[in-house]
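What follows is subunit A paired twice: with subunit B in the first complex and subunit C in the second.
Presenting the complex of A and B:
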């Protein structure tokens, strides 16, 4: 049963990784509460190892939380019905190397249950949108990082999802492509799509997102929009996460 | 259903794109065509060696094909992270497991239906050749038809794969595999003996079943363990199977005009179903409880 608690709701979620003997090794996420409303563009920020990707994997149902509750469209994330309403762009572009760009999109169209005609139409539209029409017949295993990123983005959109989850969407893209992705996020958001993204690039997040949560060592250290958080996202980030102590090069160079 | 078919098709296509798949197919074809050419082993029946070689190639190479292609396919999904993309698009874990196994088995069927017609041609060729040898005394002519077709299938398929890759931007390995299948099927119609084909059909059908179990065991193991361990466990299951040596029992039953009934094939299916079901349940249970972390 769908509830009116938002598109994504996390209550007291924690994730502990264990070794072969079930001994706890890493506490990746601890007591995380989070809510993303319909139509919102929400950014999950934090340094490497802060638990962003683990949180996204729990939302996607790829990992079971060790504690707390995750709801996606009011359902448990292992519900195929809930997951069929989302699109996902992972941090690394996960593609089948032997498939061509067109076959890749047709494959994901099949996973989204699209009929053959709609799948073909949407494949053509998306190939044009990401500028890969001329290489549609080439296996994606031979694509550059930027091209793979573009085709992965097209894959995440082929089902016209209600919720789009973007893990580091501008990673590996040149400045022009980065600007195109940001403009795409704005356009999709204006069309009513809910977007959850993670980014290391605070400027990119600030340009496109409505609300932010900052994670550090698996805990949420700040949440809100720019008004509630302060004047600059960079300042908030540094005050909450701390300035890195840098590499101690002097000792090495002695 | 569309999701299921989409994964089955992609899995089969990926397996057929693996260079190892073509290598195993070509090796099995060579084995099936060349082993009977050792004409001094005739068991008093000119076509028996061809039949034995065909059954053995299907059983042994078929097991290797189904195990290695399944393990490779599943591990690639996990290690490259494409499994998380599939789950994120609403595919249930149960459907994913079953469709991956079905896709791998579909690729095995392409292998099997390349090899079976070639084996039937070899058996037929041996019968014709046997009569020729008796009348002319030339045993060298005995294996002519099957050898020619096998060599043509191997050489022409590699050539066709290269042409498709060079001039039409089609992938080499699947093009070559499909060409081998086409030539092998076409070769079966060289002076066909449909009565003999009908006599051998239940035996070949029975040999298509064990790879279904190997596929499911390999898939279940590969979702749980890394590639080497998964392949090792699947090969162990195959080794436990070896004392049954179904190919030789079948060959014995068919010797000197004997028959294998369709009832035998149905009984094999009934006997294998619980094993297949157990492997499928173990695989689904493993995958349902697995955290997808993008392990490498």
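Presenting the complex of A and C:
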């Protein structure tokens, strides 16, 4: 049952944001069908404001869809069982500024039901993995954007999830870290983890992902297999989303 | 349980590391030591002590309540406003645990600061043991009001306009009157009050008498109190409140031993309100023990306020939650005096009637926090009753916060980001 439904299954999902008087303001997602199978690395792509993060929040059960149905591991997305099997990296890192790097990891480890010893072990491993052992005792409130990103990434992995949801994992990272994240995703996928990620780095997405979907104005405009894609993802993206009007700097400067 | 502790520790770290806990503790200590210099007493040593007992700990309680209510209202709501909350809620943790853990951490912080203040109070005050307080066993004011209601309505001497008022309003007035009913004891006569079950084996006893009349007549009161095999006499009273010690009598009295009597041996008629002015005191345990009980009750009241604030924070945005909880605290604080000051005569105006109704409704909800204050008992050296401690812990610290935590969980499941 789970196999046939896939790890993530969206059917006709839409999300309308409303203002205080319940008047619709934004149709962020419209009639979206999406399914991610076990072991797949799936790229959710689209220009700014196309509804990627909104879709992810609905998959996580953080937002209720206005229409359609979301299933996560064949269950309601906010069921505790579904939540215990996933890791999530939000588009910004959102850390508790008064906790140190180590405490941050230990906190999420505790929420994932890890016993203290395992939590300590994994915390040490993950701190080493993201290269922040030397600052493990510093409050994360003082971290640079990239450092915070690494801690948040480590947090998403602390429970050894079956499904990892990464919302722009490389935003704010330097080129070396970016390629490290790329190989991290490859390694995790080889280990059998299902991964859903968004990214604006289309070249990198093409390298690590199995399948992709492109959103534009909340609608799915393309979907396909990356392993058999003949052209570059960049070309597909531009042909589906269209070349923007661009910034009219000359007009501004006049 | 484990996750509850995780959240509790997280919230405690927030309180400590953002400086909230430290600031509160220092402010509490500063107030405990500075208060006698800031608040003037009537000049007597006992007056100063009583002032200190009431306002030192009372000031700290007010400070802690306001500060932590604001902090609690902002606890979950700020996390949501800053989008951090989604990371916790995307983990396998029950939403009510998220609320409960935060309630517990903030309440513990408040209890710790109150404990510090209580310890300073006990160290600074060298007080005699506290006493258990017994009132005469009488019909309750409510019962008296209900009993009198029909005869008032039939009394042709009472204005028809008044009779048109709602039954509730009339009952309230009658109840108020019942509290203030005077009893007259002419010279040479005895008065007797049944005291019910008094547990006084081998303990020191006294009678506390409060005078509402002026100094001249007070001075001429002469008489003897008797209770069980004990008696004590009174004459030449100067204070408004006196405690008459009861000593064992050689001659055992006849009649019911559970009745307190007063024989008026003076030249004047004595008037007093038995429901308010006469109490039998039985020595109980030490002042320190009483302070500990008062601390438990205060901490429970604080826990309830904190739980309510956390609930508001989980349902509303930060600014709105803080504003709402502050308004509630204000109404709780002022409500009783508003209701007392504007009795039912004003209820002819619709607007007044509506606002009084709202105030009374809120007052009913917040009564546990608003009405009983153990500080009064502590200052008067009256024992904070075990029953009151048990009620406070059970209701204010356990049952109501649990209920509010469940409601918070519900609110969180609707409003996560």
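Here is the rule we go by: the second predicted complex is superposed on the first by the 245 of 254 C-alpha atoms of A that agree within 3 Å, B and C clash if a C-alpha of one lies under 4 Å from a C-alpha of the other, contacts with A are read in each partner's own complex, and residues count from 1 in each chain.
As a convention for this text, a contact is a pair of C-beta atoms (placed from the backbone, for glycine too) under 8 Å apart; a residue touches a chain by one contact, two chains touch by 3 or more.
Note that the structure is predicted; figures quoted are calculated from it, not measured.
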Should the pairing of subunit B and subunit C on subunit A count as a clash or a fit in the superposition?
-> clash
A:111 contacts which: subunit B (first), subunit C (second), both, neither?
-> both
More subunit A residues in contact - subunit B or subunit C | B
Between subunit B (first) and subunit C (second), which does A:137 come into contact with in this model arrangement: first, second, both, or neither?
-> first
In the superposed arrangement, which partner chain does A:63 touch: subunit B (first), subunit C (second), both, or neither?
-> both
Taking the superposition as given, does A:217 touch the first partner, subunit B, the second, subunit C, both, or neither?
-> neither
Looking at subunit A, which of its residues have contacts with both subunit B and subunit C?
-> 57, 60-63, 78, 80-81, 83-84, 86, 88, 90, 92, 94-96, 98-99, 103, 107-108, 110-113, 139, 155, 159
Touching residues on subunit A, where the partner in the complex is subunit C = 57, 60-63, 78, 80-81, 83-84, 86, 88, 90, 92, 94-96, 98-99, 103, 107-108, 110-113, 139, 155, 159
Subunit B partner contacts - residues on subunit A that touch it in the complex = 57, 60-64, 78, 80-81, 83-88, 90, 92, 94-99, 103, 107-115, 137-139, 155, 159, 165
Subunit A partner, complex, touching residues on subunit B are 2-3, 5-7, 9-10, 13-14, 17, 76, 80-82, 84-93, 95, 169, 171, 289, 291-294
Residue numbers on subunit C that touch subunit A, as the complex places them | 2-3, 5-6, 9-10, 13-14, 17-18, 82-84, 86-94, 413, 416-417
